[in-house]
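Labels run A, B, C and D following the written order; every chain starts at residue 1.
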Amino acid sequence: MDILIQILVTGLTLGAMYALASVGLALIFGTLGMFNMAHGLFMTIGAYAAFSLSGYLGLVLPVGLLIAMAAGALIGVLTHLLIVRFMLTGPNFETNVMVATAGLAILLQDVLLKIFGAYPFTQPVKVEGTIRLAGVAITLQSVVIVAVALVLISAIAFLLLRTRFGMTIRATAMNREAAELMGVRTTRVYLQVMGLAGALAGAAGLMISSLTTLSPQMGGDPLLKAFVICVVAGLGNVWGAGICAFALGLLEATVQFEFGVRFGFPVMLLLVILVLVWRPQGLFGRERVVRL
Amino acid sequence: MGNNNLRRHLLVAALIALAFAVLPLFVTERYFLGEVIIFLIWSIVAANWNLLMGHAGVFSLAQMLFFATGAYGVAVATQFAGLSIWLAIPVAALAATLLALIIGAACLRLSGAYVALLTYAIAEMIHILIVTDTACFRQVGGSCLQLFGGARGFSRFEDFGFRPLLKADWILGNYYVVWAVFAFTIFALVVVIHGRLGLGFRAIRDNVGYAGSRGINRRKIQLIAFGISAFLTGLAGAVYAGHFRFAGPSLFEFSSLMFVLAMVIVGGLGSTWGPLIGAAAIMTVVEITKELGDARAIVLGLALILFVLFLPKGLAGSLERLQRATGLSRKPGPEASTSKDPA
Amino acid sequence: MSDSQPKAPSRRKFLKTMGISAGSTAMLAGLNQSASAQSSEPVKIGCPAPLTGIVAADGIEFRRGLEMAAEEINAVGGILGRPVELVFVDTESKGDDVVIQAAQRLIDRDKASALVLGYNLETGTALHDVAADSGIVAMHSNTVVAHDELVRSDPEKYWGIFQYDPPETFYGIGFLDFVKGLEDRGEFTRPNNKIAIITGPGTYSTNIANAIKDNADKYGLEVSLFESVNVPISEWGPTLAKVRADEPAIIAVTHFYAADQAQFMNQFMSQPTNSLVYMQYGASLAAFRDIAGVNSEGVIYATVIGALQDEIGSGFAEKYVGKFGDTSSPNGGGQTYQALHAYAVAAALAGGPGEPYEEDRNRMVADRLRNLIYRGPMGTMRINPDGQSAFCYPSQTNDPSLGMPHIFSQIQDKAVGGVLIAPSPYDVGAFKLPSWMKA
Amino acid sequence: MTAPLLARDLVSGYHARPVLQGVSVELVAGRIAGLIGPNGHGKTTLLRTLSGSIPLRSGKIEMNGEDVSRVPVCDRVGRGLVHIPQGDQLFGDLSVEENLRMGAYLRDDQKAVRQTLDEVFTIFPRLAERRRQTASSLSGGERRMAGIGRGLMAEGRVLMVDEPSLGLAPLVIEQIYEALRQAVQSDRAILVVEENPSRLLGVADAIYLMDAGRIVWSGSAAETVNSSDILATYLGGH
């Protein structure tokens, strides 16, 4: 029983982190059809922003969260304005943008290394303390992470499904040209999506850094897992990504317990390989299937 | 036209191979020769990636996995199977080919970014499994050696054997082994790119539906591309392992992948000689940044962004355009080379 | 080192302000004075270090340690009048191939007379051939037994390659001996006979873990868990669940990344088991205490190369932290710091270093190094001629002045770093039963 | 009086290949113009050029006397130019009603939008029945209705419809043309593209015949009837 709860807690915590990391990625892919290889760095920048400004603006979580989200949104918007915008209509957008954002990731990571050094700083913006559930201790920060993930994902769900802005994003995602014929300024929609996804990444970065530490390469691992989740869920499927994140978090925790820690991630990757080979549209996906 | 092209490029290949054959007459410094060896190897890897990505239109991120397979193949074959390195090299290249055919078959139903994801997932899974393996396969002295070398990889296995033979000039022996693989590769690539196979590549890359209606089997062509590219890349990995006496997981880390990708992109995707130009350019710039302090990552990152944005055809493309512009209009300078093509 | 010092400073104060100058720098200064300056050509010292990538934090400490040592050496006239000039090449936390390239570059391009470095990730013997081929001295702290084996296989070729700390194989047995010592003195009574071993990937971690595993039964211990984890690992839930399901008397974590170890403690402490917790290397770094905070208190860690807590060691640590800030780690920087000082003394004694390929000159430096007993902030460096690694105290010699101590520390106050609890005579405090354990 | 839409000597195309080689068209308020011609000769390209989806290489597009040649798509929509593209081009995962509301994307007066929505539902009662269904679940005819309905939602002054009858049952075609006839009565200018000219003969006030990227013939509805042999030559015996 203890063990079951322990695995559940680990799985949900992992799941929440993965969900935060992958929802933004899915949103960008779903709307722009682009793999944002710099998404991990968006997270890292969010985490460092909260870390650096917390000294001035206090250590309260909501403030830190806002800073992280603002920083993520800013870098998302800048990425769009300075890089993505120029490539959207060009040939080979899909592959070119992967290369360019990968370059951006290398660049930003090195800039962070030069500014902050490699020291693994601890994230001051977090909640201390533990609670007990049936004899198992659970850190409050884990609870916060799960809560933030659920709130943010619900907020995104509400935004996409229930607002005019969300409808515009979805319409643009489904058919850019038709959306333009409705009078939608799709370049602006893309910009907003990049900002929104950046904000989500920033929040994810803050949450991840509160469980681990800050380091310039901290985004690499969550990004990989976010890719896994997005593929398994079906690329661009925001809901699927949220659900899959929690499911895969639980799967990873179970595999780690049953078969050994080192098999956790390889099993997830194997899942991606199987999904891509047998069901390329993902478990929940319908749209944007590139098959020949 | 195709035949003429083939002959012209074969001539270029011969000149390049000749130039590198006589280079050690002028350069004796071990570090510089070592860098040229590495340049030759990265050129092979980049050129083969370009074959797969630029010519056959398969955006595979498993390139360094093929390279590592060649290197690991040599390490495992010499260390565990007791094979001579000269036998181990072709065996390792064949192992890379076999792996590529399996991965290629798995990729057949996918295209574009999906291929990138699948190939990357495969490479990453193998990477993690190797790196986290701590079970001793064999005890070597006081350390244990895992079946695939673990996080450390293999080192100090049998090399080409030039040290006892050439003494202080051992590196010349290594140089000519690598040169031989390089020369073989560039001739092979010219024949592939400008021969019948290349025609098929271009047909499927440019228009899949059209190529299909012309009876060109996309799956078969892409599998062939995977196979050739991986064989030559594996060969490069094998001689790399022989040169450094090393095969380890860092060979197929993400950062290594990006390093070679930068060469392909900067050189020019889909060109013939672009990857060589790109490898030279990137290595030179990285070398210069070492003098200026540590700017390697910034240079690589910027190169990837700027070239994709502003020079998607790479240095090879710009060179060609410059050549055409000056050749046609006899009017050198930027005005001549800017075309007004809105596409 | 300001001019406005009182004329006769107390010895304490002298040590504080001068760092380790009391010992070796004075000797070097003496040598420099007696020799007429040979030339003003700088002595190039090359350092291939992991300045980026996963172990960049350590690589940057190695650079700092060298910079501080070079400054001190140059302040007393360099090596026989020639200033020391440092050249760094980033090895990106990668493998042998990159280290070989970096070393070759430092030799051929920068004309390095010697390579002085800390460790490079997962490359035990990469630079040996490069340095040997060019006839220069190389000093590293890769901490691998493979070094000894290679040097032993061809001592004539590897005359100039030194591992200035003992190989990692001493860690495993040293740890078990340490626990036995605690038990013998009645400071610790094991609640059961089980030991849980958690290793990371990589030769260093695995070799130590295997040494503990293979020798556990000799100490009456039974391995209840042997888990391999990957890098980075932040969620220890499943591993801890296994630990909690079968409570061991001792938990040994040989996965050596400070941040990961700190997370282990944070999650362990939410529901601790009645076990002694031992951590390899990472816990010795400031980052560990910073991240784990109060949860770090009670942890035991060991290193075969760490700053001692005596006058020399503490003086160095203070100066180092004063120079590079609170997030710097004297345990990292101290390695290269001590190595460069030792090299400078040996080179001066030998009448100056040679350029690459000036093998005879460099051989003299190597001979001096081989015979030098050098006492720095990390303890005594004395090279074992068989294998050319530093002697380990107490595993190889029972004279503390003749071996580099395998030191065990316990974090007893998160604010000040570990208290050295073994071996004597370097210990400055006693083992305290961690708060989570039942007496 | 200036024309709601006037195009002069348009040249445009995809990548290196120009499709339109100097096309001029004029639309008149309250009139339906028909554009006919064989497949693959630039009819759809003309519509996409007019709406701004394809950039103009040379020539000039004016709306009510104002040059809009360089104005982006969404701003042309803002000026009242509505392009109902070929095929469905619906937003598959949105409901029918959401699709229709997207048509009124630039309109702020929500009350008026609701009124237009009711009007569209009156014209196409089938859409009212299906309003909660996702667009991708509709039948071919229903999708075309939704597409036209979505175009009507914008209340634009110029309506361009690409192949409204392609592949549909005669009854549905009749319904769709009825909708266009109603639309033109509120003084709109309409351009309808059809491959089959017989559909347009009773509807259009003027006909343009397009071939190989040029307008090769144009005339009023009456002239068209008299010149049926020209049409037959171009269209291969309809």
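Details
The criterion applied here is as follows: a contact is a pair of C-beta atoms (placed from the backbone, for glycine too) under 8 Å apart; a residue touches a chain by one contact, two chains touch by 3 or more.
Quick caveat, the model's predicted, so the values are computed rather than measured.
Central chain assignment: A. Criterion: smallest distance from chain C-alpha mean to the mean of all protein C-alpha atoms.
Each of A-D and A-B has its own count of C-beta contacts, and the greater count is at A-B.
Measuring from the averaged C-alpha position of subunit A to that of subunit C gives a distance of 38 Å. Subunit A and subunit B have centres, each the mean of its CA atoms, that are 32 Å apart.
Subunit C and subunit D have Cα centroids lying 77 Å from one another. Subunit B has residues 128, 132-133, 255, 297 in contact with two or more other chains. In subunit C, the residues that touch at least two other chains are 52-53, 201, 228-230.
Remark: subunit C residues 51-53, 89-90, 92-98, 100-101, 104-105, 107-109, 122-126, 133-134, 144-146, 148-150, 167, 169, 199, 201-203, 205-207, 209-210, 228-231 touch subunit B in the complex.
Taken together, the subunit A residues at the contact with subunit B in this complex read 35, 83, 86-87, 90-92, 94-100, 102-111, 113, 220, 224, 227-228, 231, 262, 265-266, 269-270, 272-273, 276-277, 280, 290-292. On subunit A, the positions that touch subunit C within their shared complex are 2-3, 6-7, 9-10, 13-14, 110, 113, 117-122, 130, 136-139, 208, 211-213, 215, 217, 221, 253-254, 256-257, 260-262, 264-265. Only residues 51-53, 72-74, 77-78, 82-85, 89-94, 98, 101-103, 105-106, 150, 154 of subunit D touch subunit A when the two sit together in their complex. Contacts from subunit A toward subunit D in the complex involve residues 167-168, 170-171, 174-175, 177-186, 287.
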